[in-house]
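Take this structure, written in structure tokens, and hold onto it; I'll ask about it next.
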Amino acid sequence: MTTPRPTLSVAMIGHAFMGAAHSQAWRTAPRFFDLPLQPRMHLLGGRDEQRVTAAAETLGWESTTTDWKSAVERDDIDLVDICTPGDSHAEIAIAALAAGKHVLCEKPLANTVAEAEQMAAAAASAAERGVRAMVGFAYRRVPAVALARELVAQGRIGTVRHVRAQYLQDWIVDPEVPLSWRLDKERAGSGALGDIGAHIIDLAQHITGENIAEVSGVLETFVKERPVAQGDTSGTLGGGGGDEGATGEKGPVTVDDAAVFLARFTSGALGTFEATRFATGRKNGIRLEINGSRGSLAFDFEDMNVLEFFDASEADETAGFRRILVTEPGHPYVAAWWPAGHGLGYEHCFTHQVVDLVRAVADGVDPTPTFADGLQVQRVLAAVETSSLTRTWQETLT
Amino acid sequence: MTTPRPTLSVAMIGHAFMGAAHSQAWRTAPRFFDLPLQPRMHLLGGRDEQRVTAAAETLGWESTTTDWKSAVERDDIDLVDICTPGDSHAEIAIAALAAGKHVLCEKPLANTVAEAEQMAAAAASAAERGVRAMVGFAYRRVPAVALARELVAQGRIGTVRHVRAQYLQDWIVDPEVPLSWRLDKERAGSGALGDIGAHIIDLAQHITGENIAEVSGVLETFVKERPVAQGDTSGTLGGGGGDEGATGEKGPVTVDDAAVFLARFTSGALGTFEATRFATGRKNGIRLEINGSRGSLAFDFEDMNVLEFFDASEADETAGFRRILVTEPGHPYVAAWWPAGHGLGYEHCFTHQVVDLVRAVADGVDPTPTFADGLQVQRVLAAVETSSLTRTWQETLT
Amino acid sequence: MTTPRPTLSVAMIGHAFMGAAHSQAWRTAPRFFDLPLQPRMHLLGGRDEQRVTAAAETLGWESTTTDWKSAVERDDIDLVDICTPGDSHAEIAIAALAAGKHVLCEKPLANTVAEAEQMAAAAASAAERGVRAMVGFAYRRVPAVALARELVAQGRIGTVRHVRAQYLQDWIVDPEVPLSWRLDKERAGSGALGDIGAHIIDLAQHITGENIAEVSGVLETFVKERPVAQGDTSGTLGGGGGDEGATGEKGPVTVDDAAVFLARFTSGALGTFEATRFATGRKNGIRLEINGSRGSLAFDFEDMNVLEFFDASEADETAGFRRILVTEPGHPYVAAWWPAGHGLGYEHCFTHQVVDLVRAVADGVDPTPTFADGLQVQRVLAAVETSSLTRTWQETLT
Amino acid sequence: MTTPRPTLSVAMIGHAFMGAAHSQAWRTAPRFFDLPLQPRMHLLGGRDEQRVTAAAETLGWESTTTDWKSAVERDDIDLVDICTPGDSHAEIAIAALAAGKHVLCEKPLANTVAEAEQMAAAAASAAERGVRAMVGFAYRRVPAVALARELVAQGRIGTVRHVRAQYLQDWIVDPEVPLSWRLDKERAGSGALGDIGAHIIDLAQHITGENIAEVSGVLETFVKERPVAQGDTSGTLGGGGGDEGATGEKGPVTVDDAAVFLARFTSGALGTFEATRFATGRKNGIRLEINGSRGSLAFDFEDMNVLEFFDASEADETAGFRRILVTEPGHPYVAAWWPAGHGLGYEHCFTHQVVDLVRAVADGVDPTPTFADGLQVQRVLAAVETSSLTRTWQETLT
């Protein structure tokens, strides 16, 4: 018999949309990947006892708590997985790291640069003690995205000239969609910019291997008032987020509906970015196109198992954007799953995130994206906000 | 507290590609869907003790057996899930039904019409005793496919005129791919026809709600000899199926590489069908296009979250095939998962299959596809084989 | 000054849809291509004096005639371009060739094999006297199609295994579309089969470089009676063909609405063919997919400037169907037109046809497709019709 | 007999890429459209006698001149069509208008706002005398673009929220592509911005019916020096523009390779614009996506016969971007051409431009786009350039 592998005991704080995705990842990862540690879905934390109990049963956690502070200090917890809204990330993550727990923190890392800096410092300090921290930019681990990064790193597209990145949703186009925590600056930090813009900033920097150096942008709130929802509760499903009955009363939308900005990368490449919840008909359209001196790449999450690749070294007569079905065994993460052509879905990128995190913990190395990566994204977000207010270009690097 | 829901204790026989897919389904279904019975992954059956033990650990089954015969009679088993090659389906299914166990049987139902008839008879008899049987044409439960059926049933495309159906793979284009059980008529029953052709026959009949009445077809084996694989074992992953080292020896391929046939549906609609493992570059291209008097539908599994729909009642100036992203809450099965635009993958159709099966068992109704549906597919398969030998049209209905 | 190039004096018989396309080609070809002979749009023939006069003014012909017989014998005519319905092709073409005129004859070559044989014999005999004959399968000269043929000829897709070819239209889905000459067997010879099926038969044989050896097929007329059109006239625009007011009376449709057939090519490759006017939502969907041992090609006329190409020699990780925009200067016919990316339209394939025809005449070589090529297509058409009646496989080669 | 229609005698100045496109339009328009005036391709102007003579023969003009000044004053000329580089537009157009000739002037209207203002003033003054002026933003008359404008005007997409517009080419990605007039600020005015950015600015304003109010942008020249071409000549084909042999010497590129900018429309809608010659693999990718409160539109010139349309009033379950094949008789300009599904090409938009111009002249109304429209585009171009220098937002309206 094989020796049973050591356990990695997990406490997850928050149990809404992201909590469901992370739970499925913790459950599924060891079934398809050979992990050095066996994750144990030990403890689920939430604010309301009744709701956290129900969630634990649905999502498959052994026990519950409404006291995250003591939870992150418990001896029988190895890792804290933070799935709460952004305003609580810093406090929980810093406490957990201080208590020697590995941390997986949902994105965006924090609601402010100041918080993100504290978190990055805490993570750096923790790393010296062998404690690991990762921020949950899960889309990095869509196989097509991971392949894109590999191709850039291999020089297949040469010097990057252009990045065009869009994250297009439409769930609040209707002005009758009520207010929810995602439309409240106190809770969410920002709107489309922080919620979805953060993803395309991270993806663009990750795939190209370059940081954004400066930005000029605009934030806009097209619908300035919305119905007040009854019984709005923390951390409900984001894509919906507004099916609670409305009261007739209206309240202000305090975050942006859309953010657009130009970016200059450290190499000189030009970027155009657009994050919006007002792209009617686009549901989760994460689109990236990168043009380089030797080739180009294009990705759209609405066809997530595909990467398009143009190789300029090909003869003109047979060159063309290739629709690579990223389901071959040689593609990142794919061999663990199904035969060629049997595509993966949204949740699989969370499973891959868990796999890489568990392996990093076991190997004693820092997983990526690090909190420093999350901080860099936060700086870009802040620069865009400032730029929108001042109508000037803003630098994003310290 | 809520009363704990009753348990449905499952024994699964076979643990290769299909076994992995079914395991993920049994594990995941109760996490996302509110099931009346709680599935218990109780017992895994296989021929080799060492391999079944390893598989049970990987796939998450509590115990194992190498004796399926006694397994299907155990008192602590409620349902038998058959994931073996087709040559053993009849024996296992009939025994399980006789023992009063519900049965989920992978497709094709059997390797011969005679076996399938016995199975359908056994299922009919079992149904009278409240014992349920379902054949695993899982692609029916891809949300886009389920939506297609709904639209046809609602009359949105009118009278069906044309069905064109293709199942395109390319995993044995290379003549050096070695022999495996899937290329052995004794074990597999047939090649592309039974393995993948069965799916498009079922899907075409399911979506249109019509049976195929007669066929004229051709089977072809392009590569007639292949290297003999060392250590070929039962039920290995189908899409691969040939990663065992070759010996230098060659053996005959006894099944078809490709099958093409014309079909006439009961309503008079015309069908063209094509199942092949020689469509270079197509990995799992299940394509269906259905033209009716009022509209058309098109589906391609390589973009599985999408259904294309043409509505001829639309004004000519704005009519066009719509790319429906089948990820809205109102779409079949989707509400249980993620927000709009966050697509599902291959394995989810197995989860939906489990959901519908468990609900049917709890509700005391027959799940679909029934064994009678599986028998009808078997008759079409047999008619195509006969047609290929006799070069004549063959009827498929009794 | 350059010596003026010699003139090629053209008489065109027929002035409906095809007449308009051919006229544009004769007018445009010398403006973009360097032709050895200067076409002169000399004489337009039609049955009705008033209508042919109006057509000549619109289409740009110098003079008119209602007597094609004397026209094809006139000394001042070098080439006869036949754009009439199929029932008159043989008589006109044979007379013109006998009179020593080069002939361009619209497809299908004739309405029967017997006629086509006579025409091919006449063409062979004329060729000995330096008189040229070409049948107008114009789609061969869409640049993407011409590129497809080149890639097959270069061995880029290896041995052909599968051809799937569809010509999908929907202009008579509505049962109230009235009768027209295209729905009358006497005039049109056949329906979807001869009108559009002929094109995909020719394209499949042309691109693969292989003939169809045998077929098994079905013809179907879904709508058996239609309103009688008032004032139906010869050779009206095919795609419409029914905007004449209806009388309330109904008459029988004597041709097929759809034809589907299986084909075996001389090399053993398998083909599935489908020609239909009942593919709701498909307007001019000429689709070809060819799978070979080393690669695949796919084309759809509804995106006519594109050829898809899968190259199996590419590494699995970066292989994918390439969307080749066939607008590069190195692509067939393209250099004469616009910069890269500035696509061509339907009519350009007729211009290319004129270019190749004029050059062949000047060079004293036989243009392709020859009347023998047209005869081979006719034999396939006849075999499909016979097969549909006899429900047997039919050979197509003599 | 019908009375012969009056003649419209045309002098065209310039005979390179645009001259070829305009010639084909003048020749073709009266063959497919019923025009109130019969265009006469009377006089072709160019700088070099030998070259203009050869061009006139190729393009089909009756006579030639090397003296545009006297040409625009000749009594036998009714309309002057200006196809020269931008630095000569103002002088020629103003002279022609002053001489009472109608003017069609290629875009961009001029190289500077000052020139454009003079031209717009001249056009306004001429209009009072019944003399017409039109600027050649031909892409407005691609049927899919014209349909897009109609749908916006009908309110089908509601209030516009987002415009994303890209014009992507790649013909100078290779740093060895030599200098040509298009890379010379003196001659071309600007690079990607004026050459192709002008088109998407015009299209965005035209389709939405709104002007751009302010911009923030960046111009970039990625390759700052290029080989000096031997024998560079005026007005050579733009897309190529560099096939003259290189000398070994290098010279500076004085225009932008790429321009990106954010825009705010008068209504508050947000725009992102990108014009580049460095989008490897994109040949003539004019892409527009417009999101409104009730729907969305998307267009890509690389599939120019298609408009995508999302109608948010559709039920969620069947909503999706429709691929409208803009080849129906009811679509703008289409009825004059071929049956449904038989697509048009690049050059057809020039034919439509001639049709609308000739009809406006005959009807005594101002054709669009007017010189005032051209001036508005020029102001946006200038604002982007200023913004790039000052790194500030710039207003574009006076």
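When the chains are written out, they are named A, B, C and D in that same order, and each has its own residue count from 1.
Simple rule for what comes next: a contact is a pair of C-beta atoms (placed from the backbone, for glycine too) under 8 Å apart; a residue touches a chain by one contact, two chains touch by 3 or more.
From a predicted model like this one, the values you see are computed outputs, not experimental measurements.
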*Based on CA centres, what chain would you say lies at the far end from subunit A?*
C
*Any idea whether B-D or B-C has more C-beta pairs in contact?*
B-C
*Please report how many Å separate the Cα centroid of subunit A from that of subunit B, as a whole number.*
35
*Centroid spacing, where centroids are CA-atom means, of subunit B and subunit D in whole angstrom*: 54
*For subunit B paired with subunit C, centre-to-centre distance based on mean C-alpha positions, whole Å*: 42
_Show the residues in subunit B shared as contacts by 2 or more other chains, in ascending order._
282, 319-321, 325, 328-329
*Residues on subunit A engaged by subunit B in the complex (per definition of touch)*: 17, 21, 23-24, 27-28, 31, 58-60, 169, 171, 237-240, 282-285, 301-306, 325, 327-329, 337-348
*If you look only at subunit B, which of its residues touch subunit D in the complex?*
147, 151, 156, 308-309, 311, 315-325, 328-331
_So in the complex, the part of subunit D that touches subunit A is made up of which residues?_
157, 161-162, 164, 166, 168, 170, 173, 216-218, 220, 222, 258, 260-262, 264, 268, 270, 272, 274, 276, 278-282, 291-296, 310, 312, 319-321, 391-393
